[in-house]
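Take this structure first; my questions come after.
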Amino acid sequence: PPKLRKYLVSPYDPRYKVWEKFLILLVVYSAWICPLEFAFLRYLPRAPFVVDDVVNGFFAVDIMLTFFVAFVDKKSHHLVNDRKKIAVRYLSSWFVFDVCSTVPFHSISLLFNKHEHDFGFKFLNVLRLWRLRRVSSLFARQLHIYTTPNLLLEKDIRFNYAVIRCTKLISVTLFAIHCAGCINYLIADRYPDPKRTWIGAVMPNFREDGLWIRYVTAMYWSITTLTTTGYGDLHAENAREMLFGICYMLFNLWLTAYLIGNMTNLVVHSTSRTRDFRDVIQAASEFAARNQLPRQIEDQMLNHICLRYKTEGLKQQETLDMLPKAMRSSISHYLFFRVVQGAYLFKGVSARFIQQLVTEMQAEYFAPKEDIILQNDSPSDLYLLVSGAVDILAFLDEAEQVCGRAAEGELLGEIGIMCNKPQPFTFRTTKLSQILRISRSRLLGIIQENREDGEIIRSNLQLVNV
Amino acid sequence: PPKLRKYLVSPYDPRYKVWEKFLILLVVYSAWICPLEFAFLRYLPRAPFVVDDVVNGFFAVDIMLTFFVAFVDKKSHHLVNDRKKIAVRYLSSWFVFDVCSTVPFHSISLLFNKHEHDFGFKFLNVLRLWRLRRVSSLFARQLHIYTTPNLLLEKDIRFNYAVIRCTKLISVTLFAIHCAGCINYLIADRYPDPKRTWIGAVMPNFREDGLWIRYVTAMYWSITTLTTTGYGDLHAENAREMLFGICYMLFNLWLTAYLIGNMTNLVVHSTSRTRDFRDVIQAASEFAARNQLPRQIEDQMLNHICLRYKTEGLKQQETLDMLPKAMRSSISHYLFFRVVQGAYLFKGVSARFIQQLVTEMQAEYFAPKEDIILQNDSPSDLYLLVSGAVDILAFLDEAEQVCGRAAEGELLGEIGIMCNKPQPFTFRTTKLSQILRISRSRLLGIIQENREDGEIIRSNLQLVNV
Amino acid sequence: PPKLRKYLVSPYDPRYKVWEKFLILLVVYSAWICPLEFAFLRYLPRAPFVVDDVVNGFFAVDIMLTFFVAFVDKKSHHLVNDRKKIAVRYLSSWFVFDVCSTVPFHSISLLFNKHEHDFGFKFLNVLRLWRLRRVSSLFARQLHIYTTPNLLLEKDIRFNYAVIRCTKLISVTLFAIHCAGCINYLIADRYPDPKRTWIGAVMPNFREDGLWIRYVTAMYWSITTLTTTGYGDLHAENAREMLFGICYMLFNLWLTAYLIGNMTNLVVHSTSRTRDFRDVIQAASEFAARNQLPRQIEDQMLNHICLRYKTEGLKQQETLDMLPKAMRSSISHYLFFRVVQGAYLFKGVSARFIQQLVTEMQAEYFAPKEDIILQNDSPSDLYLLVSGAVDILAFLDEAEQVCGRAAEGELLGEIGIMCNKPQPFTFRTTKLSQILRISRSRLLGIIQENREDGEIIRSNLQLVNV
Amino acid sequence: PPKLRKYLVSPYDPRYKVWEKFLILLVVYSAWICPLEFAFLRYLPRAPFVVDDVVNGFFAVDIMLTFFVAFVDKKSHHLVNDRKKIAVRYLSSWFVFDVCSTVPFHSISLLFNKHEHDFGFKFLNVLRLWRLRRVSSLFARQLHIYTTPNLLLEKDIRFNYAVIRCTKLISVTLFAIHCAGCINYLIADRYPDPKRTWIGAVMPNFREDGLWIRYVTAMYWSITTLTTTGYGDLHAENAREMLFGICYMLFNLWLTAYLIGNMTNLVVHSTSRTRDFRDVIQAASEFAARNQLPRQIEDQMLNHICLRYKTEGLKQQETLDMLPKAMRSSISHYLFFRVVQGAYLFKGVSARFIQQLVTEMQAEYFAPKEDIILQNDSPSDLYLLVSGAVDILAFLDEAEQVCGRAAEGELLGEIGIMCNKPQPFTFRTTKLSQILRISRSRLLGIIQENREDGEIIRSNLQLVNV
């Protein structure tokens, strides 16, 4: 990470992150209190306004702080250090909005005209909802990580996608319910004839009722409408309320469709792994049934597929194919170099040779009692047993007999490969085994390019097998 | 399966499985009776409490039994046999919860204070819902099989995915309806003014009504709200009920979205096969129409595609490609070895040769009146007729004439392949035929590697065709 | 199609198909009248019962007819001709149910006890709903065609998938509404206190009202509940109705989810083509913008992609790859043989050679002003202009000049291919052109295998170009 | 674009486009006013009818204009210029409907019988809704661009798919609500007993109320029903209204399912990019965790994947593969020719050689501190640094040391490639770098085909490296 000039703060500074998270809390509070004040202002005690001023103070501090926070240029992906550029960028983007959403209009109104319930000033207070952009940008950052600079990949990328998405949807739903309830109350509160309002028809003297009961009733109407339950005990009584109801229900139609769409998306995505696995298992079972394969082969097939789903991520190979060759080489080097170097066939060969070899190798898992190589098969791959245990078998006198046992670090099938003759033995795992595989053609290609190493390998082979 | 020590029970023991299934039934009973007791306790007869104690007894037995059931280690996939480890694992995980959910709080409360309707003890009874984890883990095991040990693949893997999923969703829905109905009744029952409750507004003396009618009314309200029908004949009358209604409706919003998401998932998945088939048929029809192909070729195309969808699973090839080479070899060997050995061309060749051959072979089905080989085409594959019947045709004097008929077990196109000249005949099926196919290049590759067998094949060819 | 024995009817006989369709109409009538009679029997005039007996007569005829209709064996896909086998199959499967659903219980009840409104007999009448299996099997056949015999692929396969699916869903919905409405009315009708029923609370003397108004009210309640609108003007008044309402609403929850799932499936499927097209267009535009490609190249790219989506089905290539080689050969032969034979380079070569050639050819469309070959490019494909017009251009004196014009049937780039030197000219279409393409390596491969034809081609080339 | 005959207008003429857009506005107005007049006619002031006549006038002009607008033939994709053909096409398609929807029936009715509220003429006015086909064809054109002529690809193709789709759905929803509200009012208005109507039950003298309040009430009922909220304050009171309610609710069921299906489709599509990215990141993280890769390699992997998602569209490669070879050549030529020509190795070689080279090249981005080539790796690709900076490193004395630095325009790994020996150096980026890559086998293939250029390259190599 590049150095910052004096007095400047990095956007990745952990303390700044904490500050940001603290502000998020304040934003959530604002989002809740702001519509409430707007609708129920004349019934509210004085306390919230003091809290309001404190909250406004924190946001004012944040506005000033923003002039000292470096930012990442979108094109060059570099951290911009210059204080002047930072100021220009902020002043030309959201500075005005941020200031407007921080001015304590309510307190100002008290200073000027002492008339507490002025509707205009109430309306200006709603500007504080602008602060919500912070939360929305937080969700955006959590969901679309590839918009953040690649230099400093944040740890929380790996946050569960479904959790973030659901949190976002629940927040939006709750905020919509809260706002709609407050606005609907406001309409009833300001209607000339209190008995011809949705709340007055049920609670004739609702203006004398407690804040709590009125708030709960408003929320109850709001959620009854949003979920389209619509009991009908509370319903619009005049044209104003009907109009608001029309808008709210249209909005609900889309919100509900959006919720269901997102849920479907999450369900489809989260079950895809299980579904694919079951499809594959079913295809294998059907294949076995259709061809009347013996029970033993079917079990081997199903075991192998289960094991494969357990030991690898489904997208592992695709992910590796995405990487450039040098990166794949260094991964292979890290994973396989030592174990390949230890194999008797490669004793004494150059490090270059082994590095070229490991680049072409693939790791595989075999379940217990699975055949790795079949006797008499044409040799197509060389195997190296990394862990586990393998029996060596051969048909002698018409029966399969155990001829030996391969330990960890041993090569399987190297004679077939090097001498190009059918495999003399069957190799069968006795427990869960990890195995490295390299195809014969690639192995021979590498040997051809490194003649001296090829000679060493051939002499190693003769030394052991003769 | 490894041997177990004395007094230990295998988790795969059929008798233990039966015991587990019996407990599931008891859990379902508990899930139903527990909220009911919680809400309607003072109206319930004494009988259920006796049943309760019996049920508690069974669960107490299960707790003790768990100390004797071996388990499968998640990392090594081995069955853990050691009684001490079993005890440590259980004590450190769910033992405390299981015990709490088994203590007969109701009976204890009777012993101590004789006051039957104590709310605190009622609440402790709700702990029995902890037992539901058994059902939830059952569903998890049914759905995500790859979390079970690969050594003992259970038969019920192949249970229908949609059925399990639907059962789970229906259970959750019914349980939610049951609980919500009971809680809502409890709120009304404990409200000071019975007439200002959702049920009291309609049935003024509801506390004198029968248990059945009250239970049905509670369920009716619950399901009316869950499905968002909301007739409005029963609706919240006070703030407590409104609050509960708000929570329940928010929950319903998500439950409904989740139901729809799952249903969509199942519908999309279950229709994918038909949809793909229709897409392919349509693409073939459009191709035929666009290029004005003769009716006969179009019919052949559509027939072939239909046959292919009927005779193979869609994922068959992908599944086979997932398996290691040795497994594919042994499947091929099992399926094709005999029939290939019987072909005249391969009389007398070594078993090794045939094994290498069958590894490369693929089985295919041809509909009646379909061409397998066209006269004058360049030879690219050798075919072996496994079942069905094939006519041999040739253009003589400008007209297609039948020259012969190939029976089961005969090779098709071997002269073109071996002598590398265009196919002298057209081969056309007369009924549904199964055919093995091997590509020319692979066949020649195998012959090259086995020179002696190649000689035998060549002399076989000359013997028959000269 | 195989011959049938005397007196037997083929299931594919057009007259039998008409009979089947006529029966479907009767089934639909039965499905509507049956619940109606069940609920409103005592108010119905005598007319429907006469109609009922006629309908029953038709179904009795069909039962007898079924003994004479051949069927297709599921395993062998052959038409079973044997009258005995047909009888055994029918008797052992649905014969009993079909008979039960045809017996005119109502008329029998009149004969025996003269008491018209006997509930037991009414219930037996409901057995007629068994006939619905005909409709359900019709839908199954329409949707999953690959279950029909491949020998006689029906024309109506190509019926629109979405239309069939929607018809099925609408039918199910309407039937559910109809049944629920009738049952709910029946419950109210048989309730001892008419004023304590859902309909009696609103229409106190509903039993005196007309059939029409009662039927509409029942349907209105039914659909209000199914769509979860739940106005509440009609709602359950007693425990029986509540219980039925609970069941119906639970069913609705699943029906609605199923409807939405199917709709989503259809929407996703039907928009996939447009969506893919737009994705590709967007990717191309973004690529052009990111690399600042000149406007002219961008237009060419977008034009080509548009053309490709218009001229080919998306799945064409995949469909062709599914077909066996012989079928692809005969399609290529039909499409391209003549036009390739007419090209000057292939004058005088053997038919075998051309057949091998066309098997490897691919048809492509080029939009106007698109380059087919670029000057100085390495030759990789030979092109044959089937229709359209192409300008031949070359850079002379630093400017592109038109050197000639290729007409339909001419080869493009053959000199580069045959002499293995960079293309001497640029070829650019002047209008929409169809072109055949064969890759150089495949062409040379075929020439190598047919030396004599290769000589003819080489002399053809020299004759024209020297 | 081809020339048009005198007095003919091109459908792509910008002025004609403006005219079309103006007509769309009038259509929207008609769609709103037409049901309103139908339902509320007797309460409407005279003003709208004057506006109506003006609107009718515009549509009459458009009918005449259509005879002068050229059109694109669907088969040949050519612009049809012939005025006779234009007239025949229009007269035989929509001319009659367009005329019927333009005749001012209302004014005619006033002329003839002076009786203002004639129902028949009102009904004829509804024919004006035929104009909606213009809007529907607009949406079709926006969504399925591949139905427009490929010659003139419109700019607005790239309009956001989701925005168009949502606009369409919202329009349909609003129109459905508007129509249903109006029809339902009409039914109440014409019912003999005003108190037995849905609106009269609540507003007994509704016919005396203002137009505005009645319209809002009708809309409120309509949307309450469509969203299935169904408060029940307004509900059907007679059979006519029930019948209409049944139809409307059935329609709503499908509309809602269609909305949700489309929303799901959009959500799934719009989140697919993020979801895929997260899947890949997760797969890479899991792979690193499973194999315990060092932190440094994991960071490199994640950085590379992030960068790749940022710098390329996901479908870029697929899109390029769709294009014909000549187009890909000219794109490569435009992008890479200059920079390749400037590399020292290719100084003096022919333009043909470089053109062949660039056709095979691929552009890639590397994040800072990423390895491009690893020391001792076998050479498989040649790299050319287009922008950025690269350090050259080698292991000396068991430690990695910087040996040099490659600037923009330099080749990386050319010695390994040309001399076929393991790479002598590691190349590692120091900042974000763009690199061209060509595989060794393709490079050597091109050199072999151009022997003279091969000589020049070899001498260039010796000149610099000796």
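Observations on the structure shown:
Going in written order, the chains are labelled A, B, C and D, and every chain counts its residues from 1.
Convention: contacts are C-beta pairs under 8 Å (C-beta built on N, C-alpha and C of every residue); 3 or more make two chains touch, one makes a residue touch a chain.
Bear in mind that the values here come from a model prediction, so they are computed numbers and not experimental data.
Here chain C and chain D face each other with different sets of residues for the most part; under half of the interface numbers are shared between them. The best fit of Cα atoms from chain A onto chain B calls for a rotation angle of 90°, in steps of 5.
The centroid of the Cα atoms in chain B and the matching centroid in chain C are 27 Å apart. Mean C-alpha position of chain B lies 38 Å from that of chain D. Listed for chain A are residues 228-232, 256, 260, 262, 264-265, 268, each touching two or more other chains. Residues of chain C that touch chain D in their complex: 173, 212-213, 216-217, 219-220, 223-224, 226-233, 256, 259-260, 262-268, 271, 274-275, 277-287, 291, 293-294, 297, 299-310, 364, 366-368, 370-374, 376-378, 380-381, 420, 422, 432.
Here chain C touches chain A in the complex through residues 228, 230-232, 260, 264, going by the rule given at the top. Residues of chain C touching chain B in their complex: 76-77, 143-147, 150-151, 153, 157-158, 161, 225, 228-232, 235-236, 239, 242-243, 245-246, 249-250, 252-254, 256-258, 260-262, 264-265, 268-269, 313-316, 318-320, 322-327, 329-331, 333-335, 351-352, 355-356, 359, 446, 449.
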